[in-house]
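Following are the structures in question.
You will see two complexes here that share subunit A, one where it goes with subunit B and one where it goes with subunit C.
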Partner chain A sequence: MRSLGSFVGVTMPDTQWPRFEVFLIEDERKPAEHVGSVHAPDPEMALLNARDVFVRRPHCEGLWVAASGHVLFRTAEELARDPVSQNGHPGEERRYLVFGKPNHREPLALAACLSAQSPEEALAQALKESSAIESVLWAVVSEAELTRSDRNDRVSFFEPAATKNYKLHAEYPTARLMKEIRQK
Partner chain B sequence: MTDEARLEAFEARIARGEKIEPGDWMPEQYRKQLIRMISQHAHSEIVGMLPEGAWITRAPTLRRKLVLLAKVQDEAGHGQYLYHAAETLGATREQMLDDLLSSRAKYSSVFNYPTLSWADIGVIGWLVDGAAIINQTMLAKSSYGPYSRAMLRICAEETFHKKQGQEMVILLSQGTPKQRAMVQNAINRWWWPTLMMFGPHDSESKNSAELMRWGVKTRSNDELRQVFVNQLIPDLHALGLSVPDPQLRFDEETGNWLIGPIDWDEFWRVVKGNGPCNAERLEARRQAHEDGRWVREALAAYAEKQKTEGPQGPQRPQGPCEFARP
Partner chain C sequence: MTSLPDEQTTQLVAGRLLEMADDELILSHRNSEWTGHAPILEEDIAFANIAQDEMGHALIWYELLRSLTGRDPDRLVFFREPCEYRNLQMVELPKGDWAFTVLRQYLFDTWEAGHLEALEQSRFTPVAEAAQKIGKEERYHLRHTAAWLCRLGRGTEESNSRMQAALDQLWPFHSQIWAAPPDYERLVTESLMPDLARLGSLWEDRVRTELSEAGLTPPGFGQPSAPLRDEHTEHLQPLIEEMQQVARLETEAGW
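So, the complex of A and B:
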């Protein structure tokens, strides 16, 4: 057995893995939502970690991850100080997903899908087209940067949560048992 | 904005019941306190697998084994939720694990006691998870978004932990004299360590005031401990069971069950590393960390290979996102 002190002051050789942003589709009728981030060595592992952190139980239809460096975040405060311009970011035309957070209580949810040459241009376009949408925070990601769960993942990712009844508290009739014992 | 103006805006947001999110401005002390709390909480979930894990191979029926496996697996999942929440504040997984394995970090002392009989599994579920749920229900209202959301998921899952434990205690208490004696003995050993889980008295708790001002906690240690005692005592008595406290009495005026003095010397002895199982628990975590080293190394090597040699293995289909309707 190693002595208790053997780890003191020893720095672990592991280095922090890159961060990935996680988007979740709870239900096909609801827009995708940004739910947080995970650290992982690659996108496949990020998807697995996201499954373990965000959907061990809740109902879920799909999960997407994107390396944090590929997601543009802008707060309303930052936009007021430093507006994004629609021009001056020439690049390849791609489809972008734009997420908005209507207020501090609601989630950052998908607000627009559009084609643009850069995330900045996509955001500028979304702001112009939907000037009625208020948002305290925006996130923009190119569809091509997403790694997405597909039909083959359903069995291992999402179905276990729905089939193991002994994980449900309703399986344990404690209230009825206590009542019966008290009546005796 | 000056720091005073930012602090004012920050406190106003908390007063309005808004959640603080990663990337939002926050006082350094708020960030530090949250990392301390959340990482301790994460370590507790991980170390908490050990006392119960010891009984997986000895569960009396297949059903009880499935239930216990699922519960212990949940604790691992909860540890993941919490490490993730701490990472959103800038803490790294590596540093947090290093702090745990080199015994710089704390975790809930209740897990430094041994599980001596099968009845301990029922009592841990009902008492220890029951106490944790009371604390976590409060933390689900915490002002920090990722912590609050992790707590919501954890509370929803832990309700099953508590009820499977309570069901076991009920059945044992109505069983043979030997089973009744076994479950009473387990309660006698777990009662005081469970009460200590709520932490020192309010007058002794150095972090509480600050945590309450910033909406991380909304109720004090003593308040929560009283909620727990009031919930549990009538049920235990109905089952013909008792707690090892000769001074326990019902106070007509307040409707509270009042307990005798808690042995804080024992509490601090165990917190400082001298409980019955502290060394064993840490050794088990170090062993697990060492045993997992090859997996971490393989993952890193595979990621490196993809970087230098391009995509490996089957690729996911690209194309427009399904359900991408805003």
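So, the complex of A and C:
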């Protein structure tokens, strides 16, 4: 591979592993949220990487991952420019999860679960059924493409986080101790 | 039971706890050497987490040791000489390449899985409770390490040969893992600590099967007899010097 310097201004080819989108269930009473992505060679490793990158400390009850290529993302601007057609992509009938982000502050969260023949059709259907819902960004993924953490994994994946609290710098006695040493 | 019957038993339990704590500490230090250098960013984060977990496990055992003997964990870690450490030689070896690190972590994680499960049965409640707490996290470590073992062992020709080279280098150290300290038998008889030889043979069966599934074969040679825990390789001293450097610069400092 050539040095980074020679590629300034040129799009770097992604030489890393494939990317997986990560969805997190903070609490089973709340909808799943898209939290980001990880690189991994396969779904099992993606799930493990997602656990380490996103939920070492926060409370979590479940994790899902899906290869990025299987997740359809559409911004509100893109949809305004190029509306999705409800019947342009015939395929096998599958269950799709549709995520919406009401505004830039709120998360991209699960908004609908419906059957369709393509992600585009699922999105068109969701837009039609919930035209009242504003969203700046949509994400659509087939349920079949998701790899989910198992209920049995909870104890080892998520429970240890409960005893790992962030410690603020003021809670460390270092500054006080150093001051005492200097005074001597 | 929450207290030990006599002074001799207390010393024996304390001696074994020191071995367990030192294993976790030294392995944690070696793993922390990957921080900023792991193969990809996600693994860097994952492995730093694992290093930190092992450090937490060391602290659990050192704190239990303190409750029995009054010895301060910080003094034990930062002001002991290398010859006073009781860790396994396997964990003090330099981190090597990623294959070596993964294979060592796999051997240690599988050992810990069986060892902690047995420790949960200890009649000494503080040990049983600590083992239960550590065990939860170790199940995750093992899943992570076993995933790597299988992908590198069955990956490319190069990844397989690097894993095999790591196994050839580590295997001679494996029997020290179940070597018991003097008079340890008493603790087994009183159900305070598990029978290490029995755990060792179960562990060896398990890793032989899993290594073979990953396309790896343990070499047909080993150490004629396992070294004692006060014998170390030349690699421990530089590690301890680096680990203790800051603490020894200003002995009254704290954090």
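Everything below uses one rule, namely that the second predicted complex is superposed on the first by the 147 of 184 C-alpha atoms of A that agree within 3 Å, B and C clash if a C-alpha of one lies under 4 Å from a C-alpha of the other, contacts with A are read in each partner's own complex, and residues count from 1 in each chain.
We take it that a residue touches a chain if its C-beta (ideal position, glycine included) is under 8 Å from a C-beta of that chain, and two chains touch if they have at least 3 such contacts.
The model shown is predicted, which means the values in this text are computed figures rather than measured ones.
K.L.:
Looking at the overlay, does A:S135 come into contact with subunit B only (first), subunit C only (second), both, or neither?
P.N.:
After superposing on A, A:S135 lies clear of both subunit B and subunit C.
K.L.:
Of the two partner chains, subunit B (first) and subunit C (second), which one does A:L48 touch, if any: first, second, both, or neither?
P.N.:
Second partner only, subunit C.
K.L.:
Would you sort A:I181 into first (subunit B), second (subunit C), both or neither based on which partner it touches?
P.N.:
So A:I181 meets both subunit B and subunit C here.
K.L.:
Which one hits more subunit A residues, subunit B or subunit C?
P.N.:
More residues of subunit A are touched by B.
K.L.:
Kindly classify A:Q125 by the partners it touches after superposition: subunit B alone (first), subunit C alone (second), both, or neither?
P.N.:
neither
K.L.:
One more residue to check, A:V155. First (subunit B), second (subunit C), both or neither?
P.N.:
A:V155 contacts subunit C only, not subunit B.
K.L.:
Touching A:H39 in the superposition: subunit B (first), subunit C (second), both, neither?
P.N.:
Both partners, subunit B and subunit C.
K.L.:
Overlap the subunit B and subunit C contact sets on subunit A and report the shared residues.
P.N.:
Residues common to the subunit A contacts of subunit C and of subunit B are 16, 38-39, 41-42, 45, 49, 52-53, 56, 172-174, 177-178, 181, listed in rising order.
K.L.:
How about subunit C: which of its residues touch subunit A in the complex?
P.N.:
Spelled out, the residues of subunit C in touch with subunit A are 40-43, 45-46, 49, 53, 136-137, 139-140, 143-144, 147, 151, 250, 252-255.
K.L.:
Can you tell me which positions in subunit A touch subunit B when the two form their complex?
P.N.:
So the residues of subunit A in touch with subunit B come to 1-2, 4, 7-12, 14-16, 25, 28, 31-32, 36-39, 41-42, 45, 49, 52-53, 56-58, 61-62, 64, 73, 75, 95, 97, 104-105, 109-113, 137, 143-144, 146-148, 150, 164, 166-169, 171-174, 177-178, 181-182.
K.L.:
If you look only at subunit B, which of its residues touch subunit A in the complex?
P.N.:
It is residues 13, 18-19, 21-23, 63, 66-67, 70, 74, 77, 80-81, 84, 87-88, 92-94, 97-98, 101-104, 146, 149, 153, 156-157, 159-160, 162-164, 166-167, 170, 174, 235, 238-239, 279, 282-283, 286, 296, 299-300, 302-303, 306, 316-318, 320-326 of subunit B that touch subunit A.
K.L.:
Could you pull out which subunit A residues touch subunit C in their complex?
P.N.:
The contact residues of subunit A facing subunit C are 16-17, 38-42, 44-45, 48-49, 51-53, 56, 155-157, 159-160, 172-174, 177-178, 180-181.
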